[in-house]
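A short worksheet on the structure shown next.
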Amino acid sequence: MSVVKRPSQKSKWYIPGVLTGLGITIRHMFFNLLHRKDIFTIEYPEERYPYSDRFKGNHILTVKKDGSLRCTACMLCATYCPAECISITAAEHDDPNVEKYPISYEIDILRCVFCGLCEEACPVDAIRMGPEHQTAALAGSRFVYDINKLAYRPNLKGGVLSHVDDEERKARGL
Amino acid sequence: MSWLAGRLEDVVRRLEKQNQFSWLIPNGCCGHEIKNARLATYDWERLGVFKASHPEQANLLIVSGWVNSAVAEEIKVTYDRMIKPVCVIAIGSCAITGSPFDTFDPKRPPVTVSSLIPVDVYVPGCPPRPEAILRAILELQSKLNPGPSHREVLHEALRD
Amino acid sequence: MPKVTINGNTIEVPAGTSVIKAAQLLNIPIAHYCWHEGLSVAGACRMCMVEVEKMPKLQVACNTTVTDGMVVFTNTEKVKTAVKWALDFHLINHPLDCPICDQAGECKLQDYYMSYGLYTPEMNQPKVKKEKVVSLGDRVVLDQERCILCSRCVRFTKEVTKTHELGIFNRGDRSQLATFEGRPLNNNYSVNTVDICPVGALTSKDFRFKQRVWFLKEFDSICNGCSTGCNVTISYNQNGVFRVKPRVNHDVNGFWMCDSGRDIYKYTNKEFRLTQVVERSEKLGGDAVRGKPVALALQEIGRQLSQVIKNKGAQSVGLVWSGQYTNEEYSSMGRFFKDLGVSQFYHWKNNEKDFDSFDGILKRGDLNPNTAGLKKELAGLKSWADFEKQVSPLEMIFVMGPENFGAYSDLEENVKVIKKAKEVVWFTACESSLLKEFKWLIPAKSFVEKSGTFVNSKGLAQAFKAGLTIVPDAVSLEEAVKGMQESARMVS
Amino acid sequence: MEVKLLSEHYDKKEFRHLEGYQKLGGYSALKKALKMKPEEIVAEVKNSGLRGRGGAGFPTGMKWGFLPQNGEPRFLLCNADEGEPGTFKDRLMMERAPHQLIEGMIIAAFGIKSQKSYIYIRGEYYQPYKIVEKAIEEAYKAGLLGKNILGSGFDHEMDVYRGAGAYIVGEETALISSLEGKKGQPKLKPPFPAVKGYLEKPTIVNNVETLAAVPWIINNGAQGYKKYGTEKSPGTKLFSVSGNVNKPGVYEVPLAYSFKDLLENECGGMKPGFKLKALIPGGSSCPVLNYDEAMKATMDYECMSQMGSMLGSGGVIVIDDKQCMVDLLNVLMHFYHHESCGQCTPCREGTGWMEKLSSSIGAGRAQLSDITLLDKVARQMMGTTICALSDAAALPVISFVSKFRDEFEFHIHEKKCKVKGHCHAQSHH
């Protein structure tokens, strides 16, 4: 059974408690000053945490070799999305063996829950969740990302190549 | 003397806008992300956001999590009691559009924060990473003090 | 009447029916591609294999006619493997097109794979390549690789429209569906081939890539393209109506529907519709005022109507009826005006020349769905010729305008005649540049938004229900009558 | 030994023309038949037990019996579309004895009271077509055809119709739709041709050899015909023997004649340096027999079906030990893939699949599981289509794979041919 130690007369003045607390803090301060590199705080704007490729961040619409969108507007991602935040309008492509392509591909990022189901649903690896973390924005800005924001935004450097390649699929006779 | 007072006035006004005293309604999983942003690893105090002990002393309201009737009540009351001008950051899809738990029933649409109080910055994500929350803080500060932030000024100076 | 037992359930069917029809009556599902109730039997897809008790080999249900006391099984192991392999043979040369194929979601290959297949495919050889996007005519696109050569469309053009446009050329697995040189598939029933095509080989150009099928909801209705009154199913979602498909009704349209009827959904969508009240009065300098609330407008019209009747008598008010409204609307509007003593009712036909023409299958010259209903509800309708003579003295005219302006060929002349009257109240569903000079334009509900009954040219009354609301402010004539009643009664 | 009932005078040149044919006893059966009543002729053929020589072996008398008794006009078609690989007996009969066929057809037409008959000759047989056409003109001039034949009051028209080179048209209903000008694709059965055939009228389709045997039966009576062959398959049959034998050709032997004697006596045994490995008894669509089965086999319908094969149209293909079975299967699969009419899905897609599978096995690109897959596909094609082409394509595959599996596996393991190191199958694309 634990014995409760009554505070002694001396500590009633709180001076010793305050001093020990202050001592601990000062000790930490000097310790940190000397071991700068052990501090694990990530100073956000300058230092960035390196995310792995599997991180489910902002969407990327992959492109084919000739730079056009890999997406064939099959609406599977829009069907599978639990938050129903993807809206696609399809159109007929003039090249007969590319029959269908999206004119507009919009993701309402405010509704999106970044679950990655669209990435799983896509049969041709046209949409991926990139390593770059979600971007906050002021109230007035445009939260419905369209094709050039999803596929051709500056830091994607002209678009990310999709794994599924048409010529190779045709060669295998699919 | 009035010149000095004027300069002092400018500095105080600038700092006043620079520092936010945040009052949190950290519901749901986004609450934990806010905690990450607040504590050691990301530490938003570096950006000048301090913890207010009472809503009346706070000028930044951060809301996250699913808005049910009780939380809606709390948001409205807190918002009224905070000192104006209040900036509001809504974090996470639950607060912004209620999409994760939306039943798409036209008769019972989800209650969202923007339907209760005017929101300045939205942070999409479910939950958004702490960097996104810090990005929101920076966006808010760039909105409050237009022009290059002191951070950019400092970098400019360091560079040349 | 021979009796047949299928999987234990017995049914008596008229002599000569096939086993597959008997199974359908017992709603026992039998997989089939080439069999279609409205067409002849081809027996080419070999999916509808069933086991008949005394016969060693599996029989094709579509071609085996029922004999008395026949016992048929559709769920034995032998039948299951036969159907699975018949489906497998259909799928080995099938292209991997589901992402870009319109039929995905209602494709029979998908459905039957889920109920009869669910096997891991063993086909590892290269597939047969054929032509992909082949335009067969103005309305239909063919994809020869998806075509499973069930010859339903060929039999349709041979037996129903008797125009023989489609044929299967070449032999073996090089055979392709195609049209003859210089004879595209352009008859007025070409899109029926798209409906009966069980796969995505034939797709309609009008619906191509517009919307995925599982985003659409459907409701049953009656086509208001002409007075045949074909039963249709309308597919819609919150953005509007996307397509119209026929529904089986043996005494009206069988399984089919004409192509011009498939365009009726176009004018019900928002971009063609009149969404607000348009008022044009001298006080406002003659230009149009839009957006007045409908109830308010109706009250004003009721007041003006009663004043005109009080000062100039009931003879100065005329009504022009087009045959595009429901019986209920005619009776309520008719009764309202008869109580006020108005009796100048004129019938506005869409075109005098081929009003009674009939193209032999379904399409009739009378492009109004309810002409017969109009004649039944309102006796003593004067013709358009009398209206032209008596129009000038009329103070106020109510025009029950047509929903589908395309149906009225000589619309400009009719509008010129109507303009002669001083005040015109025009109930119209669609916006049109011709209706600029009229005093009142009231947005009317299109047939997809209201329920009622149409009486087709054969005198068969067919009720239908509203499916969706596209223009919230639009009113049906019954609502218009309710709106005008109080103010009209108060004054008189 | 050979029993030449039909082919007695085939080597004489004048037998081809009308005078020579009549001199050697021709058209005597016709005179005799015209005096008899039609029912007697049908009964005579029925008692003789004559079975169809085209491939199915269906008793001819019974087939004629299916005709409805009403007075509807009916047609007699002669199926001279000899598409089965390995069979060339019809061609020989038409070149050497056209009148034998014409006389048989007139007697048969008289038996089934038909006013009109056609000879549907295979497109590639241009020479026999010419000969038969001339023979028909001679018959017309001699009053054996046309109105009031030989004063008996029976009039009959006969025409020759050339096919367009499709194997499928050998099938009864496909022949009828081709004759009607439609695409040569089999029709749904029922209704059978005997009830509703050519131009929706009752129609009888018989092979050349079947009709050519009718005059002999009328002359010598049913019992005379039964003396040869066995109780169930009486009479004689022309076998077209091909392969590396010393004297390949057409031999008329009584049914139930053992293959060993046919090979040793008539065909003079195998060529030197070749040893018998396998036998396809009745044309390419019949399952193959290996060496010991072939030695025990007797050439009649019952024994063949016991052995698991068919007598078919009597196209005996002798396979020697220098022949690679995989290469032979490739050839057969390519033939059936090319000839499938494409109406029913199992056969249209199945033949294509089997050809690709067997050529990939031959080229060594395949795995062992592909052999079982090839066998499974073949078994699933059996009996699922309107006509028997899918069975004809599947039977060789099942028999080849089950009896000569080692050669198929050798092609996959060693990527070489077991029999001759490198064979044509490997160079297949």
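For clarity, chains are labelled A, B, C and D in written order, and residue numbers in each chain start from 1.
Here is the rule we go by: a contact is a pair of C-beta atoms (placed from the backbone, for glycine too) under 8 Å apart; a residue touches a chain by one contact, two chains touch by 3 or more.
From a predicted model like this one, the values you see are computed outputs, not experimental measurements.
**Student:** Look at all chain centres (mean of CA atoms) and spot the one farthest from the centre of chain B.
**Tutor:** The chain lying farthest from chain B is D.
**Student:** Where the centre of all protein Cα atoms falls, which chain's Cα centre is nearest to that point?
**Tutor:** C
**Student:** Using the touch rule from the top, work out which pair, A-C or C-D, shares more C-beta pairs.
**Tutor:** The comparison resolves to C-D.
**Student:** Counting only Cα atoms for the centres, state how far chain A is from chain D in Å.
**Tutor:** For chain A versus chain D, the centre distance works out to 73 Å.
**Student:** Would you kindly tell me how far, in whole Å, the mean C-alpha position of chain D lies from that of chain C?
**Tutor:** The mean C-alpha positions of chain C and chain D differ by 55 Å.
**Student:** Averaging over Cα atoms per chain, report the distance between chain A and chain C in Å.
**Tutor:** Centre separation, chain A to chain C: 47 Å.
**Student:** Would you mind listing the residues of chain C that make contact with two or more other chains?
**Tutor:** In chain C, 125-126 touch at least two other chains.
**Student:** If every chain is a node and each touching pair gets an edge, what shape is that graph: line, ring, star, complete or other?
**Tutor:** Topology of touching chains reads as a line.
**Student:** Pairs of chains that touch, anyone?
**Tutor:** Listed in label order, the chain pairs in contact are A-B, A-C, C-D.
**Student:** Which residues of chain B touch chain A in the complex?
**Tutor:** Residues 40-43, 46-47, 89, 93, 96-97, 99-100, 102, 104, 114, 118-126, 128-136, 138-140, 143, 151.
**Student:** Could you pull out which chain D residues touch chain C in their complex?
**Tutor:** Chain D reaches chain C through residues 166, 183, 188, 190, 337-346, 348-353, 356-357, 360, 370, 373, 380, 383-386.
**Student:** Taking the touch rule as given, give the residues of chain C at its contact with chain D in the complex, in rising order.
**Tutor:** Result: residues 41-46, 49, 57-58, 60, 63, 81-82, 85-86, 88-90, 92-93, 122-126, 128, 148-149, 168, 170-175 of chain C touch chain D.
**Student:** Report the residues of chain C in contact with chain A in the complex, numbered from low to high.
**Tutor:** The contact residues of chain C facing chain A are 95-96, 98-100, 104, 125-127, 132-133, 208-209, 212, 214-215.
**Student:** Give every residue of chain A touching chain C within the complex, in rising order.
**Tutor:** 72-76, 78-79, 90-92, 96-97, 99-100, 123-124, 172-174
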